[in-house]
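Labels for the chains are A, B and C, by order of writing; each one numbers its residues from 1.
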Amino acid sequence: MLELRDITKRFGEVQANDRVSLRVERGTIHAIVGENGAGKSTAMRIAYGFYSADSGDVVVDGEVRRLESPHDAIALGIGMVHQHFMLVETMTVAENIVLGIEPGSRAALDLKGAESRIRALSEEFRLAIDPAAPVEDLSVGQRQRVELLKALYREARLLILDEPTAVLSPQAVADLFAILRGMREQGKTIVIVTHKLSEVLALSDEVTVMRDGRVVGHRKTVETSAAELARLMVGRDVLLRVVKPESKPGEPVLAVRGLSLAGLDGERRLDGVSLDVRAGEIVGIAGIEGNGQTELIEALAGLVDRKAVSGSIELEGKGIAPLSARQRRARGIAHVPEDRHRRGLLLDFDLAENSILGAADQPPVAVGPGRSWLKLDAIRRKTERILAAFDVRPPDPDLPARALSGGNQQKLILGRELDQEPRLLLVSQPTRGVDIGGIEFIHRRLVEMRDAGCALLLVSSELEEVMALSDRLLVMREGRIVGEVDPARTSMEEIGLLMTGGDAAA
Amino acid sequence: MKSFRDLLFPLAAVAAAFAVGAVLVLAVGDSPLSTYTLLIGSALTWPDGIGYTLFYATPLIFTGLAVAVAFRCGLLNIGAEGQLYIASFATAWVGITFAGLPALVLVPLCFLAALVAGGFWGAVPGVLKARFGAHEVITTIMLNFIAIALASYFTQYHYKPPGDALLETVPIGESAHIARLGRFIPGFPERIPLNLAFPLALVTCLLVYLFLWRTRWGYEIRATGANAAAAQYGGIATGRQIVLAMAISGALAGMVGINEVLGYRYRYYDSFSSGYGFTGIAVALLGRNHPVGVILASLLFGALLRGGLFVDIFTEHVSKDLVLVLQGIIILFVAAEALFRGPFGRRIKGV
Amino acid sequence: MSDILIVALLFSAVRLATPLLLAALGGLYSERSGIINIALEGLLLAGAFTAATVTHYTGSPWVGLAAAILAGALVALLHGIACIQFKADQVVSGTAINILFLGVPALLSGALFASTGATPQIPQNQLIPNLPIVIAFLLVPVTWYVLNRTPFGLRLRAVGENPEAADTAGVDVARVRYAAVMISGALAAIGGAYLSIGQSSLFARNMSAGRGFIALAALIFGKWRPVQTMLACLLFGFAEALSIQMQGVSQIPVQFIQIVPYVLTIVVLAGFIGHSRAPRALGVPYQEKR
């Protein structure tokens, strides 16, 4: 029913889709799997008319179509349920569903008519949604069903669901699957974009695997296995070999017990996380992004509302849970954030002022009463030292941070944090958006820090990286540590299975 | 810091405003050329033109700095008007109540009163924002009205000379007066109210510059305004920076009282401000929130205020409201282009 | 106080609340769509000046009212362009308009009437003291209906709460916001017209005296809903009527009564800790995603 032929799409430097071709048969549930950044969402957004491809064709019901906007896709019977819900909380279900295609006249909205139609659809597909309910009262699972109703109301024959189970509890997932199967019986075609292999195996008829913007495989679900899919997903790319002497771990530096964090919507972002990091070792955390790694690092750095966090955090034997971010820095915790533009840099400030972020209250940079006077020459010396030691180019302290490339920005941040000579270094996605030379450089420096006695906690969604760098490797999924492995002796497939929940014991 | 491009946009805004103003002048039946000549010319004569221009620029420097500092923290301080009223009244009150003290004590005391009162009036909306998320724009506007009302009340019921028709207080003590510049500059008459507050304003600009770019507090305020998430990451307590920035902003606005009460009227005069607080917004925007820019923009608006008076009297149809119109257009243009620029002072939306 | 005095007070309150209500309802449309409208003060003045001037020249208050509505919509359009097209800071833009309309009417009246800001007196039979009151209070249920029972109102609310959701649903966010802003200009202008050719008989310099800001306070106090906003306006109108009555009669200084609406607003703003009822996307310029 839907076919993509040689779809190619580039966003700036990133090749999101590279000659992607796939084919969805009518009346099936088709899964598209891949890691974050594999290009699956992009391909589907092109199918939905949200983006337009640089080249290639979208074929609907056998005819090549030009999709200029979601309107065109909807007219052809394609509907999409986004990963992040597009709902207006203060309005009712019915109001949200009819937004944009309001029934009735200019002067009078026919909500009653809409409500009865929605009720009928809800019953037909067993969605159990009351159209008059305000969306803000609905649970996450229910809101997702409203999004489904939106598509059904517009008479979608093919429904694309983008990471639908990312925010659902296991029970809600089971409910959703029952509904999707019901829809398939009713003749609907379903495409589900996901990285969770257990779900693919449980639900789909066919599966297409994508990696790095390309389609790397297509199987009938009954003919494949989790292991095969995992292997296709993570690939047999050249493993970055980091020359790494044996680690000599020393005293425990970080001890975390039962760390839990509830998000704004009540969902548990961290669920009883416990881990240790000793001096002179790199503990890595592998996992698909969005499984609690961000929250873990931010909670340890003191950037999360301390009231929402429960559990204990000890640095060198002393509890630090009630301490502020500044106090934790003073105790020797440094942090390379995963989003360097949002958290790590003041883009419009020059390199000198960026090099003191997080350290502006320390001598020799700050002197005088209250450590309030900034010594410009000390700042400049510090900046030049960092720029030289970390090969930041161009090494001009007066440049705005915005002017540096991603790799150089990252080196600056790393240099700044390491200049603090921390006891514990929290590193998240250290080489995202960094070129090969920069990656090698950063990896080498991290190992050097380890050998100098620093304790490092490393989060990365690049499996090769975290396997190569870590002395011990923990795997995180759904806010929990689901396993610990020795990265030197474990295969990528095994780790991949832990990451994606492909193992039978979930 | 000051690049050529940085200067270009404000100049373009001023030029555009003058162009639109010229159209309006034509519409009311006067000649733009002669009007503008009068406008600028009367501001440049010696001693009166320049003297009054600098005198009018003085409160604008203070309010311009006030708004600029707040902007640097990502806040919009519309309350400079109320802050300067409260502070001016406080200054007058000290000058009246402690009139017997010698100048060496009284002048600093009055000075302090202005800073504390203005700082307090600025800190209140800062706390409301940091603690309760209350939008500082609305709270400061409300506080403006409250400030004017309170000062008016105290003037009317407690400090007015009996039988006086004007709404003003009794005079402050002689020792609280600060000298007019005419005393120090040969050929410059003392009847022109330009006083020590003007050099004080220039010094304050320097102090603000040093504060923002050479102290840790200033750095943390600017970081909070530039990227609150990164500031928080760097250990900065963004809530505290908001309150600090607003308090400093209020104190700066409050210094207008020194010019007005200690150097000019020697009493508190109800509704004395010709919208200095609002013009301060234009000054800060035009000056790109930088002390040097604030000085330049204040000189421009000071000149417009002075020239406006002459335009009012000596033209057929145009009134001094032309200046208000020019101001409004300048703000509009600067606001519209400001978002293209970048380093403006982003609004804090929560981390 | 006798019964007659109380009734007179109530009538007075209604009359004084009218310009507030019109401006506040105007602000409601704009802010519910996500555009902060600080410019209500300037819009009131624009409407008042236009109404007085046009009525003076044409002799008909109806034409004056119509002209005022047009003027208000155009001035608001200016604000809209700055905010929607140029993504200007909405508060700064609104402030600019307020400053502009302190100056423009005075400038023009200086030219047209050789005055310092006032228009000539308009004869009694050319005033419309009652119609705007009716319009104002009728607009309350009308606004409620438009917001909740028409497609336009649905889109407007969506755009103010979650413009991305609206955009995804195919709603033209910019267009809805432009419409909302222009409506706000038109309504505020009617309020202004009432000031100059309804409540009094001429335009005087800066005659709105802060009413635009009080209307904003009433809007916030009324949680951006029509009926509650009306009640808030009545409250403020009552306070004003009371203060007029009490001047000279009672001990409480007039200033303390004057500041009641402002103190009230601050209390209200501080009271909603974090969870404010403001439209979620208020004040945030929207960048189209595609």
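Rule of thumb we're sticking to: contacts are C-beta pairs under 8 Å (C-beta built on N, C-alpha and C of every residue); 3 or more make two chains touch, one makes a residue touch a chain.
Values in this document were obtained by computation on a predicted structure and should not be read as measured data.
Taken pairwise by the contact criterion, the protein chains are fully connected, each one touching every other. Ranking A-C and B-C by contacting C-beta pairs places B-C first.
In terms of their C-alpha centroids, the spacing between subunit A and subunit B amounts to 48 Å. Distance between chain centres (mean CA atoms), subunit A to subunit C: 46 Å.
We define each chain's centre as the mean of its Cα atoms; on that basis subunit B and subunit C are separated by 28 Å.
Annotation for subunit B: no residues touch 2 or more other chains.
The set of subunit A residues that touch two or more partner chains is empty. Taken in their complex, subunit A has these residues touching subunit C: 50-51, 69-71, 82, 86-91, 95-96, 98-102, 104, 106-109, 111.
Residues 24, 27-30, 76, 78, 128, 131-135, 137-139, 141-143, 145-146, 149-150, 152-153, 156-157, 275, 278, 281-282, 285, 317-319, 321-325, 327-329, 331-332, 335-339, 344, 347 of subunit B are the ones touching subunit C in the complex.
Across the complex, subunit B is touched by residues 301, 303, 324-329, 335, 337, 342-349, 353, 356-358, 360-361, 366, 370-374, 376 of subunit A.
Within the complex formed with subunit A, the subunit B residues making contact are 214-217, 219-220, 222-223, 226-227, 229-237, 342-343, 351.
Only residues 149-155, 157-158, 161-162, 164-166, 168-171, 280, 290 of subunit C touch subunit A when the two sit together in their complex.
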